[in-house]
Amino acid sequence: MMVRLIEYDEATAEVRAVYDDIMRTRGTDWINNFWKALANDPPTLRRTWESIKEVMAPGALDPLTKELIYLAVSASNGCAYCIASHGAAAKKAGMTAEMLGELMAIVGMANETNSLANGYRVPVDERFEKLF
Amino acid sequence: MMVRLIEYDEATAEVRAVYDDIMRTRGTDWINNFWKALANDPPTLRRTWESIKEVMAPGALDPLTKELIYLAVSASNGCAYCIASHGAAAKKAGMTAEMLGELMAIVGMANETNSLANGYRVPVDERFEKLF
Amino acid sequence: MMVRLIEYDEATAEVRAVYDDIMRTRGTDWINNFWKALANDPPTLRRTWESIKEVMAPGALDPLTKELIYLAVSASNGCAYCIASHGAAAKKAGMTAEMLGELMAIVGMANETNSLANGYRVPVDERFEKLF
Amino acid sequence: MMVRLIEYDEATAEVRAVYDDIMRTRGTDWINNFWKALANDPPTLRRTWESIKEVMAPGALDPLTKELIYLAVSASNGCAYCIASHGAAAKKAGMTAEMLGELMAIVGMANETNSLANGYRVPVDERFEKLF
Amino acid sequence: MMVRLIEYDEATAEVRAVYDDIMRTRGTDWINNFWKALANDPPTLRRTWESIKEVMAPGALDPLTKELIYLAVSASNGCAYCIASHGAAAKKAGMTAEMLGELMAIVGMANETNSLANGYRVPVDERFEKLF
Amino acid sequence: MMVRLIEYDEATAEVRAVYDDIMRTRGTDWINNFWKALANDPPTLRRTWESIKEVMAPGALDPLTKELIYLAVSASNGCAYCIASHGAAAKKAGMTAEMLGELMAIVGMANETNSLANGYRVPVDERFEKLF
């Protein structure tokens, strides 16, 4: 760790307000290390939490699909912390062991074909331009 | 491009067999550039196609969710070709413009928090260990 | 570790000469693990140290700014060792906890917007071409 | 491009409000492509702009240093669009050609030593733990 | 770990068949953790092993060169597990400590010049187009 | 491009000396764009060239193997310029189309298994620790 983890008891009112909102929104009674690290820079703690809350709220995509996407990107990036925390969040949202196995297989294939497409410098097909 | 794109007319029987299976499986009448590039190395063409076909078949995750995950990883990796081709595949599987917007927002947030968690070297919480 | 860490006492004269220059240049009396690992390949040890010494010397950018840039890239790449060692170097050069918080926030935002710009395949504006 | 670029004239009031704030804050009379792409998903447009505005405001780090860090991370990630746009922003904030040369040299060295430290799996020195 | 490591004794017949083929092909009497993790998703275990076996078989490139390439990519990607396992495989195939030192030096240089070429957005020379 | 490409005719004596050494060492009569871009920062031009020359010289690994490793890392990183230039260098050193196909297949597999090992957070086997 580069910085101390800020526990609730030692946190400022500004930080506690974010911690309270995290626990209320998630229906839990504890704060995971990521937020305790960000609390060293309160504006980043607040902004990051507000953004996550907005982005992960149900919308055109349901909560499980959103968590699967978050987990897949984190696995692809090799972020151990994010894999662990979003793995737990995805499971809570309904991810089964079978879904995890299929998700990881896709992450693996995507990384394989991404490197092949980039490596061969394959030009984008005309028909694939302009999606929406 | 590093290699020539192998068109159907000039392809060997081995390559044509893969092209035929791609078109049949996808219900299309054309082959996109990625496969035409891989055709320079027939074993890689065949193996990659067989793997993609198996991984992307409906399972615990439905085809749309699978394509969204593939697209998200490709966008995160910045693979222009794969974004274009899997964007098209995701749209065909039912992705709307609203879904794409939410997917991209998650890709952005995941990359932000992945770099924060790695950058601060945040230790994994005990409760997040052992998912399944 | 893939290789042994080469301590000063067991090092060849060639390796000791580099270790001595590192300690003299930095005003310290110890060698960190990175160099002890590179010492397994003396030409890489010497070349890497000479390059670092030249690149990090004061120039158009001052030493603190240089260390902040080095740390930011290392955090973005998720290199735990480099984050730790260049975090220490940046602090020695004057980085405060507030600066670190702001630096990490920028690293996070850059990774978010980089993935959005790549993911949407945004074309470079004409006005942004040719900087110098 | 995956999506259309939304021009000011065709934008909704919500999008125009963000465009207006971007131009006012930056003292310019045009909007670059990145925001026109994000405008396809108005909440992401607004949230990303608000975050960038907060993160890049003067603080413990001055505006030039902030832009140099943003540019360095973008160059390291190979995001062509972000390199072009933040290169322009850095130049506007005072970056000279000499500074750019030194910045790029650091980006190169950081990527070299990051891969060496990761590749050799160098353990973090005890003295480098706990920075603040 | 996200999942349990599946030991031979508790594995299904399908998984054991893959384990047996791995040990037979490699001439060893144990299974390393990577396969025990993949065994949680038997189709991915089988497909990944079959692909590795095909790709790493002697061809236009000899086994040592193939392992060196695998190791170099893994080191560049900073995958600790893969560096360790393919480092061992490369050594078994004939890699000496000197070769490892030279390989790592190339990985470092490639990452440095890759970031410089991307960072400066250097256009590809006409003469370098169309390789084969 | 962020910077101008410095042609031989307009280059300073310091830059010309490096250009001359590049052409002499490679037995060619032209300079590729990478060096013309680096020439905007002469110390980086000189240092990078000297390093490349030293690292790529024959040693425990032969020139072809070295170029294959450089190309594989560049393909894995998706650096279009480096893929093109080191693809040409590898071909000049003896790489055939078959070798390229096998190399790319390994790059693809390595990226797939790297993301699987990182994604599942597979612990390194005891037997794989300490290689040399």
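A few remarks follow.
Letters A, B, C, D, E and F name the chains as they come in the text, with residue numbers starting at 1 for each one.
Keep in mind that, in the parts below, contacts are C-beta pairs under 8 Å (C-beta built on N, C-alpha and C of every residue); 3 or more make two chains touch, one makes a residue touch a chain.
Just so it is clear, the model here is predicted, and its values are computed rather than measured.
Two copies of one sequence, chain A and chain D, touch each other mainly through matching residues, since over half of the numbers at the interface are common to both. Relative to chain B, the most remote chain by averaged C-alpha coordinates is C. Chain centres here are Cα averages; for chain E and chain F they lie 20 Å apart. Centre to centre, using the average C-alpha position, chain A and chain C are separated by 27 Å.
For chain B, residues touching at least two other chains, in rising order: 1-3, 40, 43-44, 47-48, 51, 55, 76-80, 83-84, 87, 97-98, 100-102, 104-105, 107-114, 116, 118-121, 129, 131-132.
Chain A contributes residues 78, 83-84, 87, 97-98, 100-102, 104-105, 108 to its touches with chain E in the complex. Residues of chain B that touch chain E in their complex: 1-4, 40, 43, 47, 51, 54-55, 129-132.
Within the complex, the chain C residues that touch chain B are 75-76, 78, 80, 83-84, 104, 107-116, 118-121.
Residues 2-3, 40-41, 43-44, 47-48, 77-79 of chain B are the ones touching chain F in the complex.
Within the complex formed with chain A, the chain B residues making contact are 1-3, 30, 32-34, 37-38, 44, 48, 51-52, 55-56, 59-61, 65-66, 68-70, 72-74, 76-77, 79-82, 84-88, 91, 96-103, 105-107, 109-114, 116-125, 127-129, 131-132.
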